[in-house]
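Okay, so subunit A shows up in both of these, paired with subunit B first and subunit C after.
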Partner chain A sequence: MPIITVNGQEVHVEPQFTVIQAAEKLGIYVPRYCYHPGLSIAGSCRMCLVEIENMFKLAISCYTRVRDGMTVTTDSKRVTQARKAMLEFLLINHPLDCPVCDQSGECDLQNYYMEIGQYDSRFLENKIKRKKAFPVGPHVVLDQERCILCTRCTRFCEEVSRSHELGVFNRGNRSVIDLHPAKTLDNPYSGNVIDICPVGALTEREFRFKCRVWYLSTRDSICSGCARGCNISIHYNESRPYKAGGRRAQRLKPRFNPLVNQWWMCDEGRFGYEFIDKNRIEQPYLRAIAELELSEWDKVIDEVSTALKSAWQKFGPNSIGVIASPQLSNEELYLIQKLFAELMGIEQIGYRNPWEKGGFQDDFLIRADKNPNSRGAEEIGLSGDVRTILEKAACGEIKILYIFQHNFDSEEARKMLEQAEYIVFQGTNWNKTADFANVILPGATYAEKDGTFTNFEGRVQRFQQAFLPLSEAKADSEILTVLAEKLEYPLVYLTAEDIFMEWYGKPYEGLEEFGEMISQKKHQWTI
Partner chain B sequence: MAIKKVQRKFGFWERTYIPEVLKGLRLTARHLFRNLFIHMAHQFGLAKHLRGGETYQYPDERRPLFARLRTLHRLTRREDGSPRCVACMMCETVCPADCIYIVGGEHPNPQIEKYPVRFDIDLGLCVFCGYCVEACPEDAIRMDTGILEFSSYSREGMIYDLEKLLSYSRRQETGDRSQESGVRRQETGVRSHREVLNVKPET
Partner chain C sequence: MPIVKLVSEHFGNPQAKQLSWYRDHGGYAAARKALFEMEPKEVTDEVIKSNLRGLGGAGFPTGKKWNFVPTNTDKPIYLAVNADESEPGTFKDRYILEWDPHRLLEGIILCAYAVGIHTAYLYIRGEYVRPAEILQQAIYEAYQEGMLGEHVLGKDFHLDVYIHRGAGAYICGEETGLLESLEGKKGWPRLKPPFPALVGLFECPTVINNVETLAHLPKIISKGGPWFANVGCEHNGGTRLFALSGSVKKPGVYELPLGTSMPELIYEHGGGIIHDKPLKAVIPGGASAAVLTADEIDVPLDFDTLMKIGSMLGSGAVIAMDDDICMVKATQNIMRFFAHESCGQCTPCREGTGWVYKIVTRILEGTGTRQDITNLMELADNMSGTSICALSDGAAMSFRSFVKKFASEFEYHIRYKKCDVEEN
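Coming up: the complex of A and B.
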């Protein structure tokens, strides 16, 4: 393995590494626009210039392969001056409309200007006018004036999404990024070009002008859109609730995980955060005769526990049916399993919605199963048949049906739910199942609680609580522990981590950075 | 730190207070009668070389304001009368009292691109630091109206919205913007620094 020296520090690297990667390994950041680790190398921006010993000219570090004994300097005066000159060139036709630009605050032009630029403009000529702010697809707005032609977006469309929508047109100072004729940027991964654009040329239509990026806080999470379990960051704004109509979750951004999603995520997941703030069940409800009425937590927990207790005492454990949801975290599914199966002896516990058709699936990220934790539910052992549970509820064999989260909107399910005697619904959003419920318990979305999901490969990945549950909603594990206490089954867990410890045998900190295969689970419990 | 204790010695008459009280009363009375005489003489056009004690007869008489005094905010307009503000949120960010609330929106003209759908200042919270004026990259907010009197019977009334803040700027901006602020100054009685320092007693 070659040994190279970067800024006086020695590092062993693979022979196929480039200088920028070697520097990265040492934690030395080299400014760059066109270089992206997930894309091919263009070498067009000339920002990553470094000084290499025995080389006459400065070399671009993104394209220079390492050689044994190479000595590289990334911060000499000559390098900084060259970068400053390059930045001046890139900013020649840049409109400097930072006040209206959504990228400002996370813009590499701004960052590098503050770091190494800080010159006074010497450009006296007129800036070239190009097309400003026009949508190129359902999620993306393009501003050609702001573009510095790094071609990250065109390379993404050619190499990653392989849909070839964007290209560079014309030559010299007239070059622009534009759509190929008769194409729109509507591939299922189009949102990624917004992330990789180092300037404000490509911005998000949904997020546009909703909130300034410096108001956002961020929290690591896992996408709940499908069984892939892409690593994401939730960007949320709680300090200024008058922005974006009081929405807390403002946008989702992919987080690097080489084993799951690399740098990318699909549009369906990226823009599928609306349910966190919209159409939420905010308070517990009790059905009085015909209408649902607002209630209080103590009351509904009492109601549910007495109903469960009396059915269990009168008709035995088989008079209760539980339909868990693959939207719940491993911790909550484990609690459901422990409380209902292990302690109460209920056998009818299922999780899979038999009417749910698989969605779109491709060979990259998107999975047909649109639930984040089906594998987790499978591993925990909630594998009863939901259709038979509903059928039994319809014919009166099951007296109490405890449904989590599911939206049973098919005609067949509706008929069965209509005939069911008593339905407890615990979920986050209003749906068809909630219409038939006798008691509604408001649960928390994945952004509002801690937990883990197991993706379709069996990778256990952790997501973190970004903000508190909306209004009176509570995390499902909290509701279940309170309910267990009322049912006189002591399940004392202070946090989701305690449950995870019991189920998985490790604290969250012990999980590997990029998730861990469930086969590595140490603890096995017996029913 | 060393502390020096000063023991004050009071004489007999000082301890009785009587002559000291009389001394004070004499001073007050001297000013009263002097001002009474001078102001009355001024009424008849006499004794103009003497200067009476200055009291501004607010609200009939206004104290001259310094030109750079920070007074009620206003939002400036473009030449077509629309707000100059582009909702960049700089003022909102820099505001130490968190009293500015802006919601941005998409402007049909891509050259303008962004405009404030909502721009509220809660004057009940504002500390008049002037940071918003300094932070503004578009010269869209100024504190030069010369208006110091704004009050309300409710907290909501202290929240000034976009329309109200714009109303302090003329509907049609002239091309020369320095002229325009001068006009405003005359209208509201704001004077320059020099004017204030050289002010002569009212006659």
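Coming up: the complex of A and C.
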């Protein structure tokens, strides 16, 4: 392996490495605009220029391959001067509209200007006018004046989404990014161009002007939109509830995971976060005669435990049916299995909605299974047939149906739910199942709790709580432990991690950085 | 030195573009000699001995360029003929295309045979409508007569030649911009390495030669490399076509041995400066070359000497400017061209060329400041050596030389808000 020296530090790198990658390995960040590790090399922004010993000209570090014995300087006076010059060139025709620009606060023009620019402008001419702020697709707004022509977005549309919507038109300083004729930027991955745009040229229609980015906090999470389990960050705002109608989750951004989603995520996942703050079940409900009425946690837990207990005592464990959800975490599914199957001896436990048709799937990220944890439910052993359970509930064989999260909106399911004697619904959002519930227990979304999902390949990945459950909602594991206590099966776990320890045999910190393939050494059921 | 007619011998003869006439006057004899009497390597060796340099502007030794092409490749090798002549002041290739297209085709055959090429693309400037028509007719005739096609001159060697017309971009004359354009893409120059000799057209090894360079090949093969080398000067073999324009009495294309002195070109062949005015400046090699003041022009016209004095011979476009021409206006003219033709890919070129044009325009409009001159010199530094291709370097080389060598004219404009040249 070649050894190269960057700013006096030596590093061993792979021979196919470029200088920018070698520097990164040493923790030395070289400013860049056009370079993106997930795209081909354009080498055109000229921002990543570095000095290489025995080379007459400055070299672009994104394109220059390492050579054994190479000596690179990324912070010399000459390099800094060149970068400053590039920055000046980029800014001469860039509007000074930072105060009204959505990228403000996460803009690489701002960042590098503060770092290496800080000069007084000597551009006395008129800036070039271009088309401002027009939608190029359902999710993306383009401002050509702010564009620095790094071509990350056009390369994304060529190489990653392979949908060829965006291109560079015209020449010289009249160059602009625009849509090819008769195209709209509506591919399933269009949102990624917003992430990779280093400036405010491409902004998100949903997020625009909703919240300044410096009010946002972030938490590592896993997208719950399909079985891929793309790694994401939840960007949320709690401190300013008057922003964006009080929404806490403001946007989702992909997080790098080379083994799952690289740098990307699909639009379906990216914009599918509304349910976290909208149409939520905020409090427990009890059905009195015909109407659902607001209730309290103590009351509903009493109600559910009494109902379960009496059915179990009168008719035995097979009079209870449990329909878990592949939207729940491994930890919660483990608790369901432990409480209902192992301790109570219930056999009618399933998770798969038989009416759920697979959705859109492609050969990149999007999976037909729109649940994040079907594989986890499978691995934990919740494999009963849901249709049979519902049929038994309809004919009275099952007296109590405990349904998690599912929205049974098919005609067939509705008929069966109508006939069921007693339904407990534990979920996050109002849906068709809730209409038939006798008791409703408000659960927490994945953004409001800790846990893990197992993706379709069997990769166990951790997500973290971004904010507390909305209003009176509780994490499903918490509801289950309280219920278990009432049922006199004390399950004592303080955190989701405790459950994970028991199921998987290691703490969260013990999981590999990019998640790991599910271990066969996980908890084996004795039954 | 006398005019030596190697590639220009048929200029002005309307019959020369017919294959039969060309053949009756010694045409295609060199190709026949090479194909039937020489090994491909011998052809290349002869070209190396001839000291033929790339006459598109860079002056790279032609034989050496051919030798960069890998011999053990399983990919096809292509020839891209650069006929995208668009450097301001340059109009020499046009003469070959219009008057002597078969000489070019013969050169293409020689190059193809030497390197092992079976497909040649002729990338011709879009505005060259007539030359393209003439060339197309010549190609048609060459196919008819068996000079091109399955069996070139009856030998078991096939060669196809296609014309591809450009769409009006200077940058498509840059060799990798040309390749991109040929591939149907936007003419954005490529990052190098890899060089086209290894990874060129359609990712295959590619030779890119200028029209005039190729047109010299028949004479080199028929008379021998050393003979050709002798015509020129050290390391600069043979002659080249000088496109003389500007304030001269007899502008035009003059074929002269490399190493001919610039005063000889301007005063003897060009007939001197119009109305016998004093000469002020000369651009020796197209708009990208640094301007020379009248005091600096007593030099031999060869690649190495001009590089030594901080300019370049480039495409051989010699533009003479007399005493009545405002150098600030000349700079504006040149920068308008570069700003218009910058492809827009690299930051310093895209923004720099436009900025410089605006500054120079402002100086001409009478709102320049002394700071502008400092800024221009700094911008020249910032635009040099920082982009993918040489357009930015060329633009910087040009306006830097104007601002530096004619600073007093810029200062006059800034100070008095008028021109001291045109006033008097």
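Criterion: the second predicted complex is superposed on the first by the 522 of 527 C-alpha atoms of A that agree within 3 Å, B and C clash if a C-alpha of one lies under 4 Å from a C-alpha of the other, contacts with A are read in each partner's own complex, and residues count from 1 in each chain.
Throughout what follows, a contact is a pair of C-beta atoms (placed from the backbone, for glycine too) under 8 Å apart; a residue touches a chain by one contact, two chains touch by 3 or more.
Since the structure is predicted, the reported quantities are computational estimates derived from the model, not experimental observations.
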| item | value |
| --- | --- |
| Side-by-side fit of subunit B and subunit C on subunit A, or clash | fit |
| Contacts of A:R208 with subunit B and subunit C, given as first, second, both or neither | first |
| Which superposed partner A:K243 touches (first subunit B, second subunit C, both, neither) | first |
| A:N173 touches, of subunit B and subunit C: first, second, both or neither? | second |
| Touching partner for A:K392 - first (subunit B), second (subunit C), both, neither | neither |
| Subunit B versus subunit C as contact partner of A:R367, first or second or both or neither | neither |
| Partner touching more residues of subunit A, whether subunit B or subunit C | C |
| Partner chain in contact with A:I148 - subunit B first, subunit C second, else both or neither | second |
| Once both complexes are placed on the shared chain, angle at subunit A toward subunit B and subunit C, C-alpha, multiple of 10 degrees | 90 |
| Partner chain in contact with A:A133 - subunit B first, subunit C second, else both or neither | first |
| Touched partner set for A:V100, first subunit B, second subunit C, both or neither | first |
| Subunit C versus subunit B - closest C-alpha approach in the superposed model, Å | 23 |
| Subunit B and subunit C contact sites that coincide on subunit A, given as residue numbers | none |
| Interface residues, subunit C side, partner subunit A - complex | 169, 171, 186, 191, 339-348, 350-355, 358-359, 362, 369, 371, 375, 381-382, 385-388 |
| Residue ranges of subunit B in contact with subunit A within the complex | 86-90, 92-93, 101, 103-106, 110-114, 118, 137-138 |
| Footprint of subunit B on subunit A - complex, ascending | 97-100, 104, 132-134, 208-210, 212, 214-215, 240, 242-243 |
| Subunit A residues within the subunit C interface of the complex | 41-47, 49, 56-58, 63, 82, 85-86, 88-90, 92-93, 122-126, 128, 148-149, 167-168, 170-175 |
